[in-house]
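Dropping the structures in below, format is structure tokens.
Two complexes come next, and they have one chain in common, chain A, joined by chain B in the first and chain C in the second.
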Partner chain A sequence: MVIDPTLMIGVPLFIAFLIPVSTFINRKFPRYLAGGTILFNLILSMLLLDAALKSPVVSYLGGWKPPFGIVLYAGPLGAMLALLISTVSILTWIYLPEYIEGGDKEKFYMLYLLLTAGATGMVLTGDLFNLFVFTEITAIASFSLLAYSKGKDEKEAMEATIKYMIIGSLSSAFFLIGIALLYSVTGTLNMADLSSRIPHADPRTVAISMMFIITGLGVEAEMFPLNGWTPDAYTGASHPVSAVFAGIVVKAGFYALARVIFSIYASSTGLGIMLVFGIITLIIGESAALRQTDLKRMLAYSSIGQMGLIITAFGMGTQLSLVGGLYALLNHAFAKTLLFMSAGAFILSLGTRNIGALDGMGKKMPVNSILFTIGAFSIMGLPFFGGFISKIVIIYASMDAGYMLIAILILSASVIELVYFLRVVQRIWMREPGDSEVKKASNASIISMMVLAAIVIVMGIYPQAFFRILGPAAGELLKAIGGA
Partner chain B sequence: MLEFLNPMLRPEWMISLLFIGALLTYFAGKVSSALRTTFAIIFSVFVAFLVFLSGSRDVLTYWRPSASPMGFRFVLSINALSWFFALMISMVSALTIVYSAGFGKNTEKDNAFYGLNLLLMGAMLGVVFSGDMLSFFIFWEIMTLASYLLTTLAGKRAEKGALNYMIISTAGAYSILIGMTMIYTRFGTLEFSGLASVMGGADPMFLLITLSMLGIGFAVKAALAPFYVWAPPAYSEAPDSFTPVFSGALSKLGPYGFTLFMYGIVGLPALAKMGTFRGISDFGYIIALLGSITAVIATLYAIAQDDIKKLLAYSSISQLGYVMMGIGIGTSIGVAGGLYHALNHAIFKTTLFMGAGVLIYTTGSRKLSDMGGLGTKMPITFLTMLIAIFALAGIPMTGGFGSKWLLYEAAIDKKFVLIAPLAFIASVGAFLYSFRILQSAFLGQLPERLKGAKDPSPLITIPMLFFAGLLVLFGIAPGIPLGIIASVESYLGIPALNVSTYSVYLGANFGAYNAFTVMTVITLALLVALALFFIAKKSRKVGQTDTYMAGEVPEHHVDLYLHYSMNFYRPLERIFAPYLRNRLERLYDAFGSGYELISEGIRRIYTGDVQHYVYYVMVFLAVMILAGWWWL
Partner chain C sequence: MMFYFASAALIAIGIYMLMVKKNLIKMILGLSVIDSGVNLLLISIGYINGKTAPIIQPGVSPSNVVDPLPQALVLTNIVIGVSVTALALSVVIRVYKHYKTLNSSEVRDLKW
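So, the complex of A and B:
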């Protein structure tokens, strides 16, 4: 069976706009409509990945061949990320009911579906302008989801939204300027065409367009110093939205950045920029997290640090480093989503984001505490968890490529990470609990967290399953820069 | 008779049995605590038995994972060196599990305790059985994780100790990782057997860097100066029934790493290329010097302790210093002394920590000044700890004498005027602090509240008696352990020690040492002393505080301050106190708080003001464009 990737973008987009109408049938209907659509995407993305591992799936919108029509291109990498997006999306969908407040939930589900569709579009498109459009859809859905908050957090969420929107619109403007510059010298927007024409175009314009696009996409990929929006957005958002930011939005944004640098520019300067700013992002993010007293803000900075690690790994540009970077990307997507979810359950029952309030939660909410610990251990890179494998591969890769300093910096940052995560984990397990009552997390949310925890553990003890996909995925990116 | 076990005498069997056992034990605890404890004992003792049976014959196992991006295979192997350490580890771990079962406490944490103990035992065996660097590192990390989690089971008290242990261990493990990847990228192989043939040819600079990187990681586990700061709080605050493994078995992985990489892989000739000092390599000399310095410093700290577990923790550090001294010297006598002392230390320190656990359980306090006079109430505990302390202090009749003697001879043989005296000083100190345990806990008067004290259950006393018996056996027949060590030495390419069952021949300068004769003489002398004691016995029992109170009736709280073991070595402490104010810990603390300050500054980059963020974006873009313009 040939899977048409168009369906994975078209169907959710269409249904998203049906959702406000569907609420007339039944108040609960929007939730299940959204869930069904995501499930549809999940199944399709599995089939797509299976097909893409054999040969890339290419689909022409409306039957127009490029360079005139828009093309969707699902290689192993894109298909894998589409699967990642729908997995995180469905798990967060299971988790979320008790964590969103406000009456008109259909709006939330519409935006949620829109975000999933936009992010899926970002990873499957083969057209630069199309990439811009999907980035915008994702960004606008993210802004609105971030603002979707009622009650005492409303003001904070609003403030975070404004910040995110200001930086976000700046970023999309730069992205668009970059595309325009590129179009002016090459006359095409198809990625495959672009990569073949760029070597013959005016190098200075090409370089400047690249700087614009890196600035534009670096914002979404949380690259320092473009990531000012991150801490506030993660902190202000409701818990499922923070989880989706970490698991979907940032990953799709990073994919776009990597795709542009590897496949379109195939530029070693671009790789150098990723390497340098990646390592800076890593150090800054982890250091900033060290002194946090706010649980979600700590996770936000940790997320910045992890993105720094992934960007660094990609910046090295070898097969091994890409596999390591992709492994870290998957691990971070699952583990950080898990962390935001379980942190959400803590915060919901405690009513505060203060880390000091977590004393003795291991006795009061044992299951949730174990899930949080698994997520934290995986991010720290302890054995039996996905982070361990990714760290070993990345260190091997960096030593192999001759970047000893980078390896030492990554490991130092990893020690800092260990310190602040262990402080929280020890507080949860080793302190005596206070006598306040806690509200247990719902069964549905526990199940979705357990699935994430299971994925993270499988990544740690049976990595071969993932290497089988990551090898070709890394190869796909490398092909463009000549396997260097 | 036991041939049916032969197919199981393979490293992968032993390790997977323990890992499966860890899971089974944990989940059995959800059903019944008796079932859980039985499982834990059966799995650990059975695997220890398998290790014992397997002997040092060479066994190799390969496993090549499919679809790995690095193209390697995992190798597990049993050889003379790994068997020696595996025997030590499995003996200590298994018997400590039996010992913990004797306390019969049943808290919810016990499921995790037994599960993690089996996991730790499996990981430690994994480390010594690893035949390639990657499995070595993976098992090393599992070991660190399991021991960290076991330490955290002690609750709030252990918070700081556990965190510091994990941070310093992880930093050490990363240092090992860097060293290993350096070797891997240079030689393209991860396997020890392959490396052993190529590492010798590497240039001295490369060897020095990689060995130092690896050495930092091993030194952390061996608690060698200046990396020992994690050890006193971690050893002393870990659960009482875990500390025996922590100090007895786990710390030996440090010396194992050094022995493996220095002699098993790099080899003596290549070490000598890095420069020599009086016939031994500079690298080895530095290790030996650090070892002897550690021995002295930790001994001085140990003398000043009133907390029995803290005292033993410092004593562990100091004894590990001895082990490293021997391994660093690297001569036939030195390595034999180091390895023999490692074995002795594993046995006597496990016994001592077990005894400390019993004392703490009985008295409810860790302070030596809260104990006293327990010798008559707890004769078995007294006897086993007495023998262990003899071994610790290096008194003849026990194995400890032989190993310390070898270490001294090794230092004297090479005329190390710095190392040998340090070793002697540390040894005198070891006698001082270990005598203190005996005197404070078992001799003197029994406090009123401890009248009901008695020896613990057989599950606890049997492991302790077993270890004490081993120490005496080694004292009479040092040839048993030294024979194994001689085969390890010949495996490592070091001239093997010349031993027979009762005597050790140390070459023309020192002649032979016949343990049996020494034993007989000492026993006779003791008998004479004992006879004299009974003939000339003139003693009168006096109240505990009589000497201080001059006959006045003491108030209730007075004996708290006037217990005979308070300020036991006050004059000595007064001399050394100015030099011992935890200088190293302060250095680490200063580094930590310094970095916290830096990170506080970094945190300020995120001002929360969106105008600043926009400014960052614009500056980034401007710099990038200018750079791009200028570049092209």
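So, the complex of A and C:
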């Protein structure tokens, strides 16, 4: 059976705008409509991944053949990320009802579907301007989701939103300038066409356009020094939105960055930029996380650090390092979503984000504490969790490629990571609890966290299943760059 | 050639506004100015002096029209720009409700 990737973007977009209307049927209806649509995407992306592993799935929008029409291209990498996006999306959908406040929940679900559709579009498109449009859809949906918070957190959410909006809009303007310059020297926007025409184009214009595009996309990918919005946004957002940012928005943004550097420019300068800024991002993120006293802010900086690790791994540009980077990407998407969810449950029952308040939570909320610990162990890279495999592959790959310094820096960043996560885990399990009453997390949210924890553990003890997909996915990126 | 200088100037003015102005509304105006600059850049890339609009009618053949693709891109970008500006302004209204100021250096409860 041939799967049309258009459906995975078109159906959620269409349903998203039906949701405000559907609330007339029943107040509960929008939630299930959104859930059903994401489930539809999940099933379709599984079938798509299966098909894409055999041969890339290409779909011409409106029947117009490239270079005239827009083309959707689902290789192993794009299909894998589409599956990742819909998995994180459906699990967060299960988790979220008690964590969003306010009466107009249908608006939340509408934006949530728009975000899912936009991110799916980002990973499946084969056209540069189309990538820009989907980036904007994702960005506008995430600005609005970030602003969607009521009560005492609203003030912080507003501040984070205005910061994120200004830097996000500026970055998308830069991205578009890059596209315009590239179009002026190549006369096409199709990614496959672009990569074949770039070697014959004026190299100076191409280099300038690459700088603009890297600056524009680096913001979404949390690349230093463009990540000033990240800690504020993760702190200000409501808990499911932070989880979705870590699991979907940043991953799609990073995919766009990697896709542009590998498939379009195929440039070793681009890889060098990724390597240098990736390692700086890693060190800065982890060091900043060390001195946080706010739980969500600590997780946000840890997220920056992990993205730095992934960007570094991609910057090395070997088959092995790409597999390691993709493994780290999957692990981070699942484990960090899990951490934000369980941290959300802690914060909801404690009423504060202060790490000091977590004393003895292991006795009061045992299940949630175990789930948080699993997520933390996986991010740290302890054996039998997904993070271990990803870190060992990346370090091995960096020694293999002759980057000893990078391997040392990654190891030392892992030590910092170990320190600040163990500090929290130790507070949860070793301290005596206070005598305040806590509210238990709902069963639905526990189930979705358990699924994420199970995925993380499976990634740690049975990595072969994932390597089978990641190998072709890394090969797809490397093919363009000529196996460098 | 003049158009390129004009669009570069617009983008530079917009970035200057973002960097120097403290008022949030002026910063959003700066974003709009950058957007106009980018639109002008796109249009001037497709513009060929002395040629006409790419609409099929008597006297117009594919050899004497300008490149229509940048114009489609600009239309899309105008729509995106409008919606981002509207969203930003509505966020500014709510920022004002909480902080009672539009000065961006006073809106800083969140720190490193």
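Rule of thumb we're sticking to: the second predicted complex is superposed on the first by the 484 of 484 C-alpha atoms of A that agree within 3 Å, B and C clash if a C-alpha of one lies under 4 Å from a C-alpha of the other, contacts with A are read in each partner's own complex, and residues count from 1 in each chain.
Criterion: a contact is a pair of C-beta atoms (placed from the backbone, for glycine too) under 8 Å apart; a residue touches a chain by one contact, two chains touch by 3 or more.
Predicted model, so just to flag it, every value in this text is computed and none were measured.
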**Request:** For A:Ala288, decide between first (touching chain B), second (touching chain C), both and neither.
**Result:** both
**Request:** Check whether A:Gly471 is in contact with chain B, with chain C, with both or with neither, and answer first, second, both or neither.
**Result:** first
**Message:** Contacts for A:Thr215 in the overlay, against chain B (first) and chain C (second): which applies, first, second, both or neither?
**Reply:** first
**Partner chain in contact with A:Ile162 - chain B first, chain C second, else both or neither** = both
**Request:** Please indicate which partner A:Phe29 is in contact with in the superposed arrangement: first for chain B, second for chain C, both, or neither.
**Result:** neither
**Prompt:** Touching A:Pro231 in the superposition: chain B (first), chain C (second), both, neither?
**Reply:** both
**Asked** After superposition on the shared chain, which partner residues are touched by A:Arg204: those of chain B (first), chain C (second), both, or neither?
**Response** first
**Message:** Taking the superposition on A as described, I'd like to know which of chain B and chain C A:Tyr60 touches: first, second, both or neither.
**Reply:** neither
**Dominant contact partner of chain A by residue count, chain C or chain B** = B
**Request:** Determine, under the contact definition given at the top, whether A:Glu154 touches first (chain B), second (chain C), both, or neither.
**Result:** second
**Doubly contacted chain A residues - partners chain C and chain B** = 162, 166, 170, 231-232, 288
**Asked** In the complex of these two chains, what residues of chain C are touching chain A?
**Response** 11, 15, 18, 24, 27-28, 31, 34-35, 38, 41-42, 45, 69-70, 73, 76-77, 80, 83-84, 87-88, 91-92, 94-95, 98-99, 104, 107-110, 112
**Asked** Considering the complex alone, what residue numbers of chain B touch chain A?
**Response** 65-70, 134, 137-138, 141-142, 145, 152, 155-156, 158-159, 162-163, 166-167, 170-171, 174, 177-178, 181-182, 184-185, 595-596, 598-600, 602-603, 605-606, 608, 610, 612-614, 616-617, 619-621, 624-625, 627-629, 631-632
**Prompt:** Which of the residues in chain A come into contact with chain B in the complex?
**Reply:** 162-163, 166-167, 170-171, 174, 203-204, 207-208, 210-212, 214-215, 218-219, 225-226, 228-229, 231-232, 269, 273, 284, 287-288, 290-292, 319-320, 323-324, 382-384, 388, 392-393, 395-396, 399-400, 402, 404, 407-408, 411, 414-416, 418-419, 422-423, 426, 429-432, 463-464, 467-468, 470-471
**Request:** Spell out the residues on chain A that touch chain C in their complex, using ranges where they run on.
**Result:** 129, 133, 136, 140, 143-144, 147, 154-156, 158-162, 165-166, 169-170, 172-173, 176-177, 179-180, 183-184, 189, 231-232, 235-236, 288
